Structure formats: C-alpha cells, structure tokens
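The two complexes that follow have chain A in common; it is paired with chain B in the first and with chain C in the second.
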Partner chain A sequence: MAERTVVFEIKRQASPDAPSVWERFELPWRPGMNVISAMMEIAGNPVTCEGHCTTPVAYDSNCLEEICGSCAMRINGKARMACSSLVDNLEQPIRVEPLSKFPLVRDLQVDRSVLFENLKKVKAWVPIDGTYDLGSGPRLTPQEQEANYPLSNCISCTCCMEVCPQFNVETGFVGAATIAQVKLFNNHPTGKVFKEERLRALSGDGGIQECGYAQNCVQACPKQLPLTSAISDVGREVVVQKVKDWLKS
Partner chain B sequence: MATRKIIVVGGGLAGLSAVIKIAEAGGTVDLFSIVPVKRSHSVCAQGGINAAKNLKGEGDTTAQHFDDTIYGGDFLANQTPVKAMCEAAPAIIDLLDRMGVPFNRTPEGLLDFRRFGGTLYHRTAFAGATTGQQLLYALDEQVRRFEAEGKVNKFEGWEFLSAILDGKGVARGIVAMNLRTMEVRAFPADAIILATGGIGALFGKSTNSVVCTGSAQSAVFQQGALYANGEFIQVHPTSIPGEDKLRLMSESARGEGGRVWVPRTPGDKRPVRSIPEAERFYFLEEWYPKYGNLVPRDVATRAIHKVVYQLGLGIDGQPMVYLDLTHIDHQTLDRKLGGILEIYEKFVGVDPHVEPMKIFPGMHYTMGGLWVDFDQMTNLPGVFAAGECEYQYHGANRLGANSLVSCIYGGFQAGPNALRYAKDLPVAEGDGGAAAEVARQSEINKKLLSNEGGENPFKLWRELGQTMTEHVTVTRYNKGLQAADEKIVELLDRYQRINLSDKSQWANTSFAFARQLKNMLELARTVTLGAMLRDESRGAHYKPDFPDRNDERFLKTTKASFTGAVEGPRIEFEAVDTQFIPPRPRRYDAAS
Partner chain C sequence: MATAQPTSAPQLQRGVEPLRAAEGSSFLWRKLHSLLGILPLGAFLLEHLLSNFEALKGPLAYGQQVYFLNHLPLVRVLEWVFIFLPLLYHAVYGVSIWLRGKSNVVYYPWAGNWMYTLQRYTGLIAFAYLIQHLWRERFTGVMLPENPYYAFHKVQMELANPWMLAIYVVAMIAICWHFSYGVWLFAAKWGITPGVTARRRFGYVCIALGLLLAVAGLASIYAFVGPLYPNAPVPNL
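Our next item is the complex of A and B:
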C-alpha cells in the first residue's frame, strides 16, 4: 500500500532583496499533523519533491497553541495561524506564503513591529501610580469583565491587518487590533484617564476614519475578537471627541 | 558616577517584572528577548495564580499557602524565600488587578478564586483559562509605557549567547546574537538578570514553547554558574499529545470539577458516553479521597501511568485517559475555561462540552534551575536569575498556579537587588572582558558554519528528546539513566560533525537552533546525572528501586558544576533550610 503523503508548496525568499521562488515538498502524512509539524519535518530533511537539497524554512513560531500570535502566515491564500492549521482540513497542495502587508525578513518571516509601535501611540496601558502596595483594584461587575476579556484576548497576530483592504502604505491605517485595544483601555476605570488622548490619536490620517467597513478583520481574527463593534464604538467616540475639541478651540 | 545599567534577558513574567521594578526605581534597562516579549512562553499559562486572599470565607492564610507549597514540594525548597513569596502574593494579585488584568469576578465585583491542585482552599485567581496571557499582557503594557518614556530599551530578536565575565569572574555584560543579521555583539552592563524560562526542548515534545530550550542558563552554567535540583522535572498529568508538541490542558479543568477516569473494562468498545457510571473507574477519587482529582501533579501523573502501564486500562489500549467536563453546564464552562476548551476543539476536532477529552501526561516544567541565593543572585557575581530558569520556590514538585506568582515575585526581588548590587560595583578594568568573549563566541559560530560532516541538528535533537522522555521523566531507573547519559555523550560527539544545510548569514534559524542544541545537550547531562545520584523518591523524582523519601541522605539541594570533562558535571549537596516547617511524611492518600 502506498504511503499516504501531504504536498506543500512554500514560497521561499532568502532575504528582502532576493527573488522569491516556490518549493514543493512531499511529506509522510501523520494524524493530527499541522503546518508547523510539516515545517519541522522539512527542517530534518530539507529536500524538495524534485530531489533538490534546500535549506530549512525560516518562519516565526513559539507556543504552537494559538496564543502567542507568532506563526501568522498565508495558507491556501488565507491569513491564519500555522499551528492551528491542521493538514486534514486543508486542500492540497497546501500553499504557504508570508503575510503580504509587512516587510519581509526571510521565507515566511515578516516584521510586524508596526503593531507594537501603534500600541505605544494610543497609550495601550493602565497608568498605575506604582507597583507598591496600594490595595485592591477597582471593583468590576462580572458583566464588565465579560465585556473586556474578549478584547484582551488579542494575540497581536496581525491577521486583521493583513486582510484589511485599507491597511497599506498609502493610508497608514492603524488597523483593527489597535482600535480594539483603545476600546479596552477606555473601558477600564483607571485606563480611561487617557481616553481623550487615545481618541485624538485615532482621529487624524491613518486613524479610524480610514476604515472602509469591509469587515474582513472580524472574519480573519483567530480569537474571535469583536473587532467591528469595537471599530464602530470607538469611531463614534472619536467623532464626539472631535466635536468637543472643535467647540473648545 | 554614571547611571547603572541592568540587562534583563527574557521577557516573560519574571523578566518583565524585574524590568518594571528597575525602571520604576530610576535605573536603565536593556531588555533582550528572542521573540517580541508579548509572545513569551508565560502567555501559555492557563489556570491561574495563587494567593491566600481568603475571599471565600474559608480561613485561608499565607501560612497555609506556605505550608501547602512546602509540603507539595516534598520539603526540598528552602523555606525562607518560599515563605516570603507566599506572604507577598496577595499584594501581587492586587497590583495585577490595578494594572487591568481582567480577572473573573464574583457578583459583588470582587476577584473570584478557584481550587487548584495540592490545596483544599479556593486560592487561585484567574482570567478565564488564559491567565498567563492576561498577566503577561498587563506587564508588557507597563513595560511599553516605560519604553515610551525612554527608560527601557528593548532588543527583541536578539539571543543571549553568554555572560561577559571579567578577570575576577564578575559579570560585566552579555554577548548576544542578532537573529536577523547574525551579528555577535557585546552589551556592557553592571548586572544581568536571566529570566529565560524553562527547558522543555530537552525532552523534544513538551508543553513548552519553542524558545524554551534552556540555552541561556546552560551557557552560564558552562561559564561556572551552579545548576540546582536539575533532576526535578514536572510532568503535567493532563496534556493533549500532538505531532509538534504536547498541548497543555490546564489543571483548572479539574479545579472546576473535571473528573479523570477510564473504563473499568480494558479496551471497552462502547461509545464513551454510553458507559454507565458504575463501570467508570475514577481512580484519583478512589485512591485519594481527600484531594480527589486535585492531588499534586506528580501524584496524578504517576497514577495515570499506573492505570495505563500497570493495569492496562488506557482508552482503547492506548496511553490515554479521559478528562471529563461533560457534567458541568455549558455556560459555566465557557465563562471559566473557554480558552482551553477552544484549544482542545481546534486541535483535536472534538467538543469537550459534550465528549470527554483524551489526555496523557506531558513534560511541563523544571523545578530545578540556576542556583541562586536568597537575593536571586547566582554564584557568579552580578548574574541574577528569576522565574522558571532558577530553582528556588518549588522544591521537588511545583503546585499548580504557583509558577505565575513565583515568576513575578522572583522578578520583583531580582530587579531591585540587581540595582542595589550594581550601585556598589567598582568600575570594570578595560572592557571587562567583552572583546575576548565576543571573539570566543564568534569562533564557535565560525566552527559551526565550516563543519564538514553528516549530522543534522534537528535529527540529533529528536534523538535527545526521545531518550530524555523515555528515561528521565516519570519513572526512573539507574540503568535507564545510565543509558540516557551515554546517549547524550554520543550525541555530543556527533554534534561535532553537524553539517548545516543553511550556512547563510541572514535570519538563519537552523544555525541559531544548532547553537542552542549544544547547550541543551550539556544541560541534559546535568538533569540526568542529578537523577542518577539521587537514590530516593521525592516529589516528581520517582525511582521504583528506591520508593521512599530519604531525608537523612537526600534532604539536600543538588548543586551541579560544569567541568567540561567526559565524566560530566560535578555534583555536590547542600543542606535545605527547613527552619519553619519540620519535614513530615507526604501522604495525599491519607484520610486526614
């Protein structure tokens, strides 16, 4: 009986300036196999279908249980996490490419630091006075916790930015992930001290007005963040803030 | 005098905690991490964080937390630092709460607490079943704030290679490698804090993240740092076996009422839900009536091994048992355990709300680590350690939900202590040894890249993992440990003939991995030889040939030092501080 196999086509690029090439790999099928375990298998024997010796594929990964946000890539054209992409659920050949909206580093590695910079711009933190013992935090109802927790589940994978038609160099749009964090911290009893600043940070070019309501983000999010409702809520508050600022000026 | 600079290596809970304390005290910090710190392994912690807040009217106290921790660790932990940690824990929870961690709440708006292993109290605060993620994010956000204020410089995508030690053996900085440009560079500092996490990769597949190789702690071990209690490896009773890793299924599943069982009939072919209650063997509840499913991890893991390997009762004859949540209502499960149920469903394709999960023990945590004094400093002056990479808080077995508190507490100690140490440090002579250390590391790189041979690092790693998992996890025999050590020595020899298929100098991940592999091999010997010398059973270390704890000979900390000789590390023993709680037999099966 012929051994069951899985065929991968992986887009390779040795460096940001190098040309890209597709390489094809055929691997023995195993139950529960995912895109990451395939990549590990290739690393142990980096030979293409044509028998050409190549290098192990460069990719970002860490937790392998869809919580660290590292291994986002395009798999069969869709932005998703490689660890939770089970081979049995994918059509073959499985085509794997890097995210397209971020500077390429090598193979499937891209530089997504823009998201962390955006989080700095909107002051995505609760400004505590200090780490010394000041007693317990503010009381919150279970309903408030249940509203905030999903927003706090963002794993910074940037899938929402990858699939957004408005996220590109021309618009400079911050993207859905950052907007959801603005909602999270503006909701917090202490975090809301920066509410106005956060809304202003989202009001200019590249801010929330760039959103075209394509709603791709909410579909691509592997953690089911309520991204579109966050965008509409924050959007409304940005407008209110603009009016307030205009009346004051 | 110039501003004192501290380098923190590792951006998980321990590292970030240290950074926050240093920045707050006005020090400057360079923070090094292989991955963006928000992606550190702490993100994987699920169930919660322990603190005796006593919000459930049970009369819980920090003294009880201290006793549970010492008893759970089979009296191997030095008691002074554990006591201090347990006393500090309630204020740490308050602080995290103030930082905005979305902890689950009671109807009155207070923090909710749940049960966890090794205690009879509701002592574990939690944010759904993704508590580590939420804690890490809260600290990451505070560090981002300091970064925006210019008090912290992040070096993400840099891997620690070694400490820079001057002629007197005093730390003067680190050598790190840029994982894109592969540049090897010296970074001077007045003190360094390693917060580099666990060593799961030594075992091939574990619940740990990819970066948990123990490479950094092994590097300083090879530079003279002592490594303590390396043989104490926690195998978590409930993980989901996978092709690429073992995914953790949190102890909180049992904390919320999950029950572990197997069919009483070997190889029972009936659909799982049709097996009547009377024909289910709830072995933890039967064997340990007081703690039931919430016995400490080492106890639960050995029980599962016994059921599978001795009684032959694994599901379908496979090494698997059921973890059953189906009797708990859907909404409660989603509110308290949503994150882990989603993981199970995504990776296994079965809904744990309606069908019991199939789980098996998997390597999870190292109780052992770099030896540190009560100020978190290793024996190398100026090299501090905090978090899983050091040995101090968990003795022979860690209780669930104690790791998050030990990481944060350890970081909170290490940061200010490093700063205090650095203030009195005389200025380095010359470059403090930086150039020489960069040259040494560059030479290692050059050799690795020019090697001619037939060995593939990933294949060597796989062999290491198989050997370690087979001989150095749940059940240990001296013969097996001997075989494991011989295998590691063989792998170290074959390592000399690694031929990298990628010799490029840009984002060369297999090259970085090959460097880590050497350190993994050296550390694996330490773990294995420590286990070989400890002829007793204590906590997670279990030898059927020596089934009892032997306080007379082994109520001692194992301290290993690197020799570079074929015989392996030298091991000595140090007395344990037991001044507060006299050692007593550890019996979770006893009725009272």
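Our next item is the complex of A and C:
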C-alpha cells in the first residue's frame, strides 16, 4: 500500500515587489498534523512536487496553540489560524496564501502593524504609569469579569479585518478588533478615564460608522469574540457622545 | 501546475491606513444617510404603500387618496423636504458606500455577508427604478397634483406594458427588502439590539414586516392589471 501523503499549494513571493508564484509540495501524512507543522516539514526538505529545490516558506508563527495571533493566513481561501488548521479537516490540495489586505513582506508574512496603530489611536490600555505608586485599583465584580473576559480574548490576529468587506484602502475602516478593545477598556474601572476620548476617536474618518454589518468578523474570529455585539454597543455610545459634544459645544 | 510560473505582475501593495482618530466629518454624513433611510424615507414608503392599497377599492377611492395627499398644507414643501431631497442624498451617498465596499461573498458565503451584498444591489435597483418612476409618474404626462382623479388611469396605462409591469414587480420586492433589512441594520448599528438573541428576534420581526409590505405592494399592483377594474375610465369630476 502506498504511503499516505498530503499535498500543499503555497503562494510564494520572494519580496514585496517580486512576482508571486504557486509552489506544490507533497508530504507524508502524520496523525494530528496542522498547516504550521507541515510548513516546518517543508523547511526540512524544501523540494517541490516537480523535484525543484526551493527556499523554506517564510511565515509568522509563535505559540502553535492559537493564542499568540501570529499565524493568520488564507487557507483554502479563508482567513484562519494556521496552527489550529488541522490537515485532516481540510480539503486537498491545501491552498495556502498570505492575508490579502496587508502589505506583503515575504511568502506568507504580512505587515499587520495597522492594528497596532489603531489600538494606539483609541488608547486601548489602562493608564497606570506615573511618578508615584497609585495603589491598588478599584475591584471588579465577578459579573463585570464575566462580561469582559470574552473581549479580553482578542489575539490581534486580524482575521476579522481580512474578512471584512469594509476594511480596505478606500474606507480605511478601523476594523472590529479595535472596536471590541474600546468596549473592553471603556468597561474597565480605571481604563474608563479615556472613555470619551476613545469614543471620539472612533467617530473619526475610518471609524465605527464604516461598519456595514456584514458580520463576517464574528464568523471568522478564531477566539469567538462577541464582535458584532461590541460594534452595536460602541456604536450607540459613539452616537450618544457625539450628541453630547454637539449640545455642550 | 508548473513551478515558478508568475501568477501576477510585480506590484507594491498599499496597506490600509490607520484610523484618523476624531478627524473628519464622515461620521455625520454616514449616520445622516442611515437615519434618513428610516425617517423620513421609510415612513414615506409606508405611506405610499398604504395609499396604493386604496387602489384595491377602485379608481375613485384611489383618486380621492391622491386628492387628499395633494391637498395637505404646504404639500410641495413637504414633498421636497421630506421626500425628494432626502431620497437624493440617501441614493447618491448610498452609491458611494457601495463603490467603497469590496464584497467578498464569493470567498465567505455567509448569511450576513449575503445580506450585506444584497442591501447594496437592492439599493441600486431602487435608485434606477425611482429615477424612471418619478420622471414618468410625477414629472411628465398628466400632472396628478392638479388632476388627482387621473391617477388610476395613468398607472393602469403604465402597467399595461408587460415590461413595465415586470420592472414594478422587481422594484417592489427590492425596495421592501432594502427597507426591512435597513430597519434591522439600523437597530443593530445604532445599538438598539446589541444582544445576539435580540438581533435574531428582531430579524423575525423585520422578515414579517418585509413580507407584509411586499404582499401589500404586489396586491395594489394587481388592482391595476388584474380583472378588478379593466380599462378604468377617467372620472368626470
């Protein structure tokens, strides 16, 4: 009996301005293998199906347990985490491409720094830095912890932005992840000191109003964040903030 | 598949720019677009479909309804401020929203994504239909504001053309779809239904609303083309 194998088709690009090419690899099947472990296997012997020697595939990954958010890529056309994409659950040949909405670095590596920039724009942090010890913060009730925990699960993988029809160069939409973090930090008893600034930030060009509510974000999110509910809640608060600002101006 | 075969020309990809925090006025214009779709445009759609329903009672009742509407105080001001200008804004801004979105329903064929795409195409159908509807029924031919009792006859002549009848049926369904999903979207995006269960329940309400409006609208089309009032005469009033 012939050895069971797995076939991968990987979109390669040597540099941001190089032409892209598809390369095909055939690997021996192993129990429990995922897309990242397959790529490691390719790196050990980077030879295509046609016997052509090539370079190991460049990709971002770190934790290999869907918690660091590094290895988002398009697998069989859909954005998802490569580490939790089990080969046994995928149709073959497995086609792997880089995320399409971020500047390409090399092969499957893309520059997702726009999410970091957006998180900075909305001050997605709890301000505790100062020149003296501020002491312990206010206590969170278990009910508040229950409500906020799902939002704190965001791993900044950018899948929600990749699948969003409104996240593109025309709109410059901020994306669901940042909006969910605004809700998280506005709910925090110390973080809410920036609440009004965060809401005003989200009313800027490319802000929450660009959401078309296609709800792809919540479908694609590997951590099941309640993204559409967050957009709904923050959307209401931004409107209320804008009306208040207008009436008090 | 040959190895090392270029699939696309070299190009440097521009990334999406970060949020312009608290800058610009697109929030106001986008929210205005959203609000106008409900008030006054949605309210006017309900009024229009209710008035059309009078056609089932016959040419005289329909003419009386047209007479009533055209004798509201400041009716021409009401018409421009609450119908034509909001409609023009909603339509033109809506086309720009459509142009700036990049539908990906081919890759992600999920229900919400289909609705997103359909909301844009039903809006385009409505825009194209309303241009001809206003031109042919409001601004040319027999002037109904001055001759309200010609209304049934005018519409019946229009719908006698089977192509025009087909356009009216398609547009009726598209507009009722666009409005009822628009109500659902409004509740979701303005934070009236933040909960998943609330959105699902309100979805059923909006499906019922859309079906009701479409059936009522199609019934009034039937009043003009069915056997109820064939060759309705112009009343001598």
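As a convention for this text, the second predicted complex is superposed on the first by the 242 of 249 C-alpha atoms of A that agree within 3 Å, B and C clash if a C-alpha of one lies under 4 Å from a C-alpha of the other, contacts with A are read in each partner's own complex, and residues count from 1 in each chain.
Criterion: contacts are C-beta pairs under 8 Å (C-beta built on N, C-alpha and C of every residue); 3 or more make two chains touch, one makes a residue touch a chain.
All figures in this text were calculated on a predicted structure; none of them were measured in a lab.
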Checklist entry - In the superposed arrangement, which partner chain does A:Ala43 touch: chain B (first), chain C (second), both, or neither? => result first
Next on the checklist: Looking at A:Asp233, would you say it contacts chain B, chain C, both, or neither? Reply first, second, both or neither.
Outcome noted: second
Next on the checklist: After the superposition on A, what does A:Asn153 contact: first (chain B), second (chain C), both or neither?
Outcome noted: first
Checklist entry - Of the residues on chain A, which ones does chain B touch that chain C also touches? => result 54
Next on the checklist: So in the complex, the part of chain B that touches chain A is made up of which residues?
Outcome noted: 20-21, 24, 35-36, 38-41, 43-44, 91, 94-95, 97-100, 102-111, 127-128, 130, 133-134, 137-138, 141-142, 144-145, 147-148, 156, 180, 209-211, 242-245, 247-248, 335, 339, 343, 346-349, 412, 456, 458-459, 462, 501-502, 504, 506-510
Next on the checklist: Considering only the defined contacts, which chain A positions touch chain C in the complex?
Outcome noted: 9, 11, 16-24, 48-50, 52, 54, 77-78, 101-104, 111, 114, 117-118, 121-122, 161, 163, 165-174, 178, 197, 200-216, 219-220, 226, 228-229, 231-239, 242
Checklist outcome for this item: Within the complex, chain B is touched by chain A residues 14-15, 30-34, 36-37, 40, 43-46, 53-56, 58-70, 83-84, 86, 105-107, 109, 113, 116, 119-120, 123-128, 130-131, 133-142, 144-146, 148-149, 152-153, 155-156, 185, 188, 190-191
Item to check | Interfacial residue positions of chain C with respect to chain A in the complex | outcome: 1-24, 26-28, 30-31, 97, 99-104, 107-108, 110-113, 115-117, 185, 188-196, 199
